[in-house]
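Look for chain A in each of the two complexes below; its partner is chain B in the first and chain C in the second.
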Partner chain A sequence: MSGKYQKVAYYPGCSLEGTGHAYNRSTKELGKALGLDVVELKNWNCCGAMEVKNIDPKLQTYLSSRNLSIADDMGFDTVMVPCNGCYHNLKKAEYDLANDAGSREVVDRLSSKAGHKTYEAGNVETIHALDWIKEAIGEEGLRARVKNSLKGLKIANYYGCMYTRPRHIFPEKDKGPGSESTSKPHFMDDLLAAAGAENVDYPLKTACCGGAHTLSDSDTSTKLVLNLLTTAEACGADVIATECPTCHTGLEMHQVRAEKVLGKKTTVKILYFTQLLGMAIGLSARKVGVHENLSESAGFLRARGLG
Partner chain B sequence: MAGMRSTRVDDVAARLDWMVASPDAILVAAAPDLADELLALGEAILELWLSAHDATPTTNKVEGFRLLALQRQGARGDASFNACRETCRELVYHRNLVCLDPAHADTARRLRLGAMVARHLALFIGGKLEVAGLGEFCCASRPLRQREATAHPAEIV
Partner chain C sequence: MPIHEKSLIRPENLVTHEHLEIEGVDVSGHWSTFITSRAVTDYNEQMEEEIGALPGGEFIHRCWQCGSCTNACPVNAINPDFNPRYWIYLIRMGFEDELLRDKDIIWQCVSCNKCTYACPRDVIPEGVMKATAHWLELKGHTEKKPSMTFDEIFSEQVFATGKIEDGLVLRQFFARTKQSLFQDWLIALVRGLAMRLPVGLLMKLGLATLFRPRTRGWGAAGAAIEEYVAERKAADRRSLGLDVQGAE
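Our next item is the complex of A and B:
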């Protein structure tokens, strides 16, 4: 525990106000129970994922930079983001503003037009919810607070594709011991192991979930998710832990769809890492929003003395 | 052409499904060969992607593996293709585990997991190839949209 990140600005992003509501709830409740402060950005806007970025990446840089500018105005030097898409986009904006004069020019012009100051690269650090818990509390701090150990729970940690890609926008990763790895991320594994869980070696932890095709090509998404689920089960996992609302919702929805459309039933449970950590430190399943997940895992958790 | 590509991805996927479903004894009996076949199937999938994009698949190797060279070639100028970077590395890892110690008690499981990893690669690339224009997963559909915009400029009203 370093004392760092005890109070941070919080950017939930659109998903966490919709399908990822349980992630929003569990992130806030976990922070509160751990004695950490989060202050939501005032009047935040969409980060520009993915639709805007695909059409006009500089406009996406502006949209993300406006959120960073709000954090700066509120006096914060750190903004914590639980959603992988938002996290990726804020990091990309930071990188673009530091390295691309064209992006700076567009952001400056649009910021003036919108009537707020232009965000300056380097003023605010964007961190993921995983960085937040890992740095502010750490494994030792977490271990000391565990009331309901996750012992006996076999977990496949699934990070999805945007938490580590592209590598150049995450200059703090791959810095050796203690830092996060872009090729084999482990922060979620570390935290859940500290809470007593047994992590399985999951070879698809950064593979694509097909999230972008959920609506446009559902069959491809269903097949990709089914392979993620069956591989997790083949690795011996009872639970897939997630840290991205898009991946999480995709896994839940396509688990149901795989059974309906392909006749393939899987039983592995899907839970946010914040829900698992919350229950480990004594929060109820309801407090961390397990009832708000699309898939049913309350009975499974009760049987293991959790929630 | 698109149908032919699709069939070949399906062939690869069918072979991988066979490996996943095979009994331990069959996998163990042919362990090193099947491990090498996993790599070859992975290469075949990446070759399909490159050929569909009018590129000549490289015969070079990266870190001793053509699979990794093909992945790097596919990712050049196409950020979304990097979403299969670690999948390719996991495939190499599982192949190495089996080849270095084919008599290991976990060999059948390692081969099965390797086949599941390769299946993800096949689904990912197959999904990209299946419907023209869907290809650029998540991070980079912009080049496609730009091509569309150039081919069909918006009418000025």
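Our next item is the complex of A and C:
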């Protein structure tokens, strides 16, 4: 425990107010139980996601920068983001504003017309919920707080695309021991191992779930997700741990769709890492929103003495 | 560069004579298989510049055809015709007809950025795929693809309120693409969820569809964005030599 990130600004993003409800709940409950202070950004807006980026990348940079400027105004130097998409976009905005004059120009123009300060690159650090727990509590701190060990739970850790790619927007990664790796990320593995879980050697940690086209090209997404699910099962995993609401609901939706459309049934459970850590430190399954997931795993967890 | 030559050996470009004798030697059947000769006359010399002028296409000129993008691509693993390296080659050479053979799959890029991660030349192939799909639509080579409809619905909500409500995006997308909401997999999902959720949360989710989430004081930002988007659209059309008034 380093004393860092004990109090951070919190940017939930749109998904966490909708389909990713359980991720929002479990992140906040986990923070509370661990004694960490989380203050939601006032009047935040959508980060622009993949969709606005496809309309115009600089516009997405503006949308993300507005949130960073709010964090700055509220006096925070760190904003914590659980959603991979939002996290990626805030990071991308930070990079573009520091390195691309064209983006700065657009952000400047839109910020002044919208009536707020242009965000100054370097003022606020964007961190993922994984960085937050890893730095503020750490493996040792977590180990000391475990009440219901995840012992015997075999977990495939799934990080998805946006947490590590493209590499250039994550300058703090790939810095050797202690830092996160973009090719073989391990922060989630480290935390869940500290909570007693047995991580399986999952080769698809950063493979794609097809989340960008989860509705517009469902057949492609179903094939990509089915590959993630069957590979996790082949690795002996009971659970896939997730850290992104788009990946998480994508896995849940296409697990059902693979069964209904392709006749391929898989039974691996899908849970947010914050739900797993929350239960490990003694929170109930209900408290971390297991019943709010699209997929059913309450029975499985009860049988394992969790929740 | 030899890559384009794969188009020469498609079945329709091969000729085999059942009975053929050349200078007294019987070369009937497979022995007489020829590739029909082809002279390329339909170069589109503007294509690289036009796609390079659209957002995402900026760095297409850097490509040196190593193939790392296609090698890393998960969509290529599902459909071998999905080949970013080949498309970048065709665009740079100006082989428009050959590119148009794949016009209906280019939009399927899932933006996982594996290509961008692997690319040693920082071409940002993911951006090039988006620019190419956009170019195909602007030029009228393809109709509006479902992903573009999705992007538009999503963006309209953000521009109007500062946020999206994902249930509303889903319903509008199904409506605008004329698909039924009553897909058995969707019904199974909703039914499972409804059985488990407490009444309070269901009420809350229901209310979110009546009172859409919005960012307070969004008006000025929304207006500035709308103005900027209209400007960008006109600029994109101008760069392709299209009528600016024809937008929408």
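Brief remarks follow.
As a convention for this text, the second predicted complex is superposed on the first by the 307 of 307 C-alpha atoms of A that agree within 3 Å, B and C clash if a C-alpha of one lies under 4 Å from a C-alpha of the other, contacts with A are read in each partner's own complex, and residues count from 1 in each chain.
The criterion applied here is as follows: contacts are C-beta pairs under 8 Å (C-beta built on N, C-alpha and C of every residue); 3 or more make two chains touch, one makes a residue touch a chain.
This one's a predicted model, so the numbers in the text were calculated from it and none came from an experiment.
When both complexes are superposed on chain A, chain B and chain C occupy overlapping space and clash.
Shared-chain residue A:T220: touches chain B and chain C both. In the overlay built on the shared chain, the residue A:L130 is in contact with neither chain B nor chain C.
In the superposed pair of complexes, A:T231 makes contact with chain B only, with no contact to chain C. Using the contact criterion defined above for the overlaid structures, shared-chain residue A:L150 touches neither chain B nor chain C, since it reaches no partner. Counted by residues of chain A touched, the larger count belongs to C, out of chain B and chain C. Of the two partner chains placed by the overlay, neither chain B nor chain C lies in contact with A:C86. Of the two partner chains placed by the overlay, only chain B lies in contact with A:P203; chain C stays clear of it. In summary, superposing the two complexes on chain A brings one listed stretch of chain C into steric overlap with chain B, and the stretch in question is 129-137; the others among 21-29, 39-47, 129-137 or 219-227 show no clashing C-alpha atoms.
With the contact threshold set out at the top, residues 50, 54-55, 57, 161-162, 165-166, 207-208, 210-213, 216-217, 220, 223-224 of chain A are in contact with chain B in one structure and with chain C in the other. Chain B contributes residues 79, 82-87, 89-90, 93-94, 109, 112-113, 116-117, 119-120, 123-124, 126-127, 130-131, 134, 136-142, 145 to its touches with chain A in the complex. Contact residues of chain A toward chain B in the complex are 50, 53-55, 57, 161-162, 165-166, 183-184, 203-208, 210-213, 216-217, 220, 223-224, 227-228, 230-231, 234-235. On the chain A side of its complex with chain C, the touching residues are 14-15, 17-19, 21, 43-46, 48-52, 54-59, 62-63, 66, 106, 109-110, 113-115, 161-162, 164-167, 182, 207-208, 210-213, 215-217, 220-221, 223-224, 252-253, 256-257, 259-261, 291-292, 294-296, 298.
Per the touch definition, chain C reaches chain A in the complex via residues 55-56, 74-75, 78, 108, 110-114, 116-117, 124, 127, 130, 145-152, 154-155, 158, 162-167, 170, 173-174, 177, 184-185, 188-189, 192-193, 196-198, 201, 205, 208, 213, 215-218, 220-221, 223-225, 227-229, 232.
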